[in-house]
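The structure's right below; bear with me while I get my questions together.
Letters are used for the chains, namely A, B, C, D, E and F, taken in the order the chains are written, and counting of residues starts over at 1 for each.
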Amino acid sequence: MELITVTIDNPDGLNLILGHSHFIKTVEDVFEAMVNGVAGAKFGIAFCEASDKCLVRYTGTDPELIELAQKNAYALSAGHSFIVFMKDMFPINVLNAIKAVPEVCRIFCATANPVEVIIARTEQGRGILGVIDGFASRGIETKEDMEARKGLLRAIGYKQ
Amino acid sequence: MELITVTIDNPDGLNLILGHSHFIKTVEDVFEAMVNGVAGAKFGIAFCEASDKCLVRYTGTDPELIELAQKNAYALSAGHSFIVFMKDMFPINVLNAIKAVPEVCRIFCATANPVEVIIARTEQGRGILGVIDGFASRGIETKEDMEARKGLLRAIGYKQ
Amino acid sequence: MELITVTIDNPDGLNLILGHSHFIKTVEDVFEAMVNGVAGAKFGIAFCEASDKCLVRYTGTDPELIELAQKNAYALSAGHSFIVFMKDMFPINVLNAIKAVPEVCRIFCATANPVEVIIARTEQGRGILGVIDGFASRGIETKEDMEARKGLLRAIGYKQ
Amino acid sequence: MELITVTIDNPDGLNLILGHSHFIKTVEDVFEAMVNGVAGAKFGIAFCEASDKCLVRYTGTDPELIELAQKNAYALSAGHSFIVFMKDMFPINVLNAIKAVPEVCRIFCATANPVEVIIARTEQGRGILGVIDGFASRGIETKEDMEARKGLLRAIGYKQ
Amino acid sequence: MELITVTIDNPDGLNLILGHSHFIKTVEDVFEAMVNGVAGAKFGIAFCEASDKCLVRYTGTDPELIELAQKNAYALSAGHSFIVFMKDMFPINVLNAIKAVPEVCRIFCATANPVEVIIARTEQGRGILGVIDGFASRGIETKEDMEARKGLLRAIGYKQ
Amino acid sequence: MELITVTIDNPDGLNLILGHSHFIKTVEDVFEAMVNGVAGAKFGIAFCEASDKCLVRYTGTDPELIELAQKNAYALSAGHSFIVFMKDMFPINVLNAIKAVPEVCRIFCATANPVEVIIARTEQGRGILGVIDGFASRGIETKEDMEARKGLLRAIGYKQ
């Protein structure tokens, strides 16, 4: 077994969700979770089928995002993993719906940060061990940082 | 710290669910999630207690599946992990109920594929880092593959 | 990429929850999940912001637990990870509420055991691959162990 | 406004679920919740569209159960209500999945008892106010009744 | 006890959600469910406090929708009920998040149809018994209606 | 069919949850939801079995609260309804867990207010149509009321 690092190709810093599921139905069910959550959602999904034809299965509403999802899923080639890229919406709009898809196992990350994916590779196949999501911590927030954080969440309307 | 790979022993290619929880109550609660979900469910569960006696705790409705779960949990020996083997039913029937068990943390995989489990081993103990679930991707689906995929899900009754 | 092991500093063997999320709102939302779940909850939360200022963000109801959370989050320095330490309550009281926080991705562990966290470190940052939660298995429970387990869960009131 | 009582027509005492939703997509989404939950599920669903054509919309896997659902939904004629009849499975297998369908509002009952539905009728339309689900209470259980109840749940495998 | 019918005042046929909760925190928590679900959500919420000052509590992001919610909640005056009016979004985008708010009890309806609310009024107060949501059924769909329904859901992108 | 009003007997103004379920397993499952949610929870549950012996089934951790639940459930005698009385804890601590019990259909109210229950009574049995939960609205909050409301939620620690 060997560990490799795959960097997600995300030139425009779009939001993405990376997860693990268990069935090609994932493609249609994650699609439905996206469109139920956001009217006119723009996204692309790709899923690494892990048996039989072992194809990258895909769908979505935006050709560029579909292509981005395909390319990254194929670069990962980790059985039963899936990736969603989205535009003009946020992971928080749909993450609980995706977590509740009956064949979704777990979510590795939901982020617009640079992502490096740590993959174990064996003769059998490839599996995601974890992700490096953005950057390492540089310190602990001060009282001023805290005020700014709370202020920001209220300014952009998430909290009252 | 050392990485090892444990291959799940699953000679009949049964469906299994592998997860991480935090309490020996997991054994009874996952049992209940299984029987609530599927009348007459045939399954075996084993859970790696991570403190005190550190025993593989188990239950189920089918002696062979219980034995399979015990054997694999013991081969993993990863504190607070659990594994469920099932027959005549599918992970999709129960996965959301298991995700909602109040002490379940996360699900690594739900699959009938060959599984290799990547484990970190230290002097203290052992922990699951991830899984290789089936096989690596061999390409991207064509329009024909997509039609076949959609047709299959409708032929077996999952979609209309 | 290099693997390192960080031991959680938890001198009093308190219960903790370690997870991965995607937004600084996590700090306030996990706070609310805790206080909704347990009246008078005593806890500290810290979250590793993964972009911009990359600060350890924190809150809670108990100064010592907040400090413990800060210190451990900073030792992990894994982007978008969070840790909660709690007292006079149990992870089972709040784990489902935390899993349902709309920006929470996954939970690595919920435990009062010694925990070693396996981290991948690259030039970009740091990410959690998994945890060693307590100790490796030492055997399979006997019928007597099983009776004792079931008796215990009933004696402490979790089952009838 | 006038109150009327509609008795559910259920000659074989089948299990049924009666609820309120908000969209004709309910028909397909409840179908999917049923087939995800139970492999080979036998059921019929009918939903009272409440605007536009105001038709009883239906689907299912068993012609007799579909017809039973149609007939009862039409007898109710309460806008946005739906009813599911099932065989060889139980409401407990699918009820949480149906509660989680994104357009389902609430569940009135899930039962194999005789059901009378209390309906408010106005010039505009009809709405369900509540149900009489089985029979009124005849007393409080004794210690012997309690033992029998607990024993039954364990004998049929729901509890350990 | 007397039954009265209150017609929801909704001149533009906006989508609304009507429910029952148990705490003035409902106002802020439903607000957060809305903004988590839909970026830039336009809505107004009003909640009938049922003790102490018994005021209609409100919030939102759009003054007209807030006023509409206030007016309708006050017309209902049913303790612990709440109503949300929304624009440029759909109940399906947020209904599961609202159902999951920890103090929400149940949802009466989510609809853009005309709604009549059946209320019980006593000396003590007022309570919602149910709703007439749109219109009574006018028939059972034919095969052609069914094809049109399925086609519509696919044309507007909810199903594939 | 006749409508009657049953006033909940709750001399100490305790918090209660009133709901509708579909199976005597409700008694044990709601018990488990309560003890999972709150360590040392004090409560009593009673459930109106709706077929067979039609007994009020009950359990709990506090004899007085059990008796209160029994008495009120029997006064309601509405098939498949249940009621929980609790002390030193709040409905918000457990309501989502109870909503997620696989046989629970809906929650009528969760409140410490005076409650009147509107019941339909027929020859067959009795069913809950709705509740009057506290008192009717007396006005719309002013800006000062709003500030006081927000301040209160922050003073008692629910919001930051």
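Convention: a residue touches a chain if its C-beta (ideal position, glycine included) is under 8 Å from a C-beta of that chain, and two chains touch if they have at least 3 such contacts.
All of these numbers come straight from a predicted model, not from anything done at the bench.
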item	value
Steps needed, at fewest, to go from chain A to chain E via touching chains	1
Same-residue or different-residue interface between chain B and chain C, half as cut-off	different
Greatest separation from chain E - chain, by CA centre	B
Option in A-E, C-E or B-C whose residue-number contact pairs overlap D-F by over half	B-C
CA centroid of chain A to CA centroid of chain F, Å	40
Where chain D and chain E are represented by their mean Cα positions, the distance between them in whole Å	22
Interchain centroid distance [CA atoms averaged], chain B/chain F, Å	37
Multi-partner residues of chain A (at least 2 other chains)	3, 28, 36, 92, 96-97, 99-100, 102, 106, 129-130, 150, 158-160
Footprint of chain A on chain E - complex, ascending	28, 31-32, 35-39, 59, 61, 88-90, 92-93, 96-97, 100, 157-160
Residues of chain D defined as touching chain E within the complex	1, 3, 20, 22-25, 27-28, 48-51, 53-58, 70, 73-74, 76-80, 99-100, 102-106, 120-122, 124-130
Touching residues (chain side chain E, partner chain C) in the complex	36, 97, 100, 102
Chain A-facing residues of chain B, complex	3, 5, 91-92, 95-96, 99, 106-114, 116, 118, 129-141, 145-146, 149-150, 153, 158-159
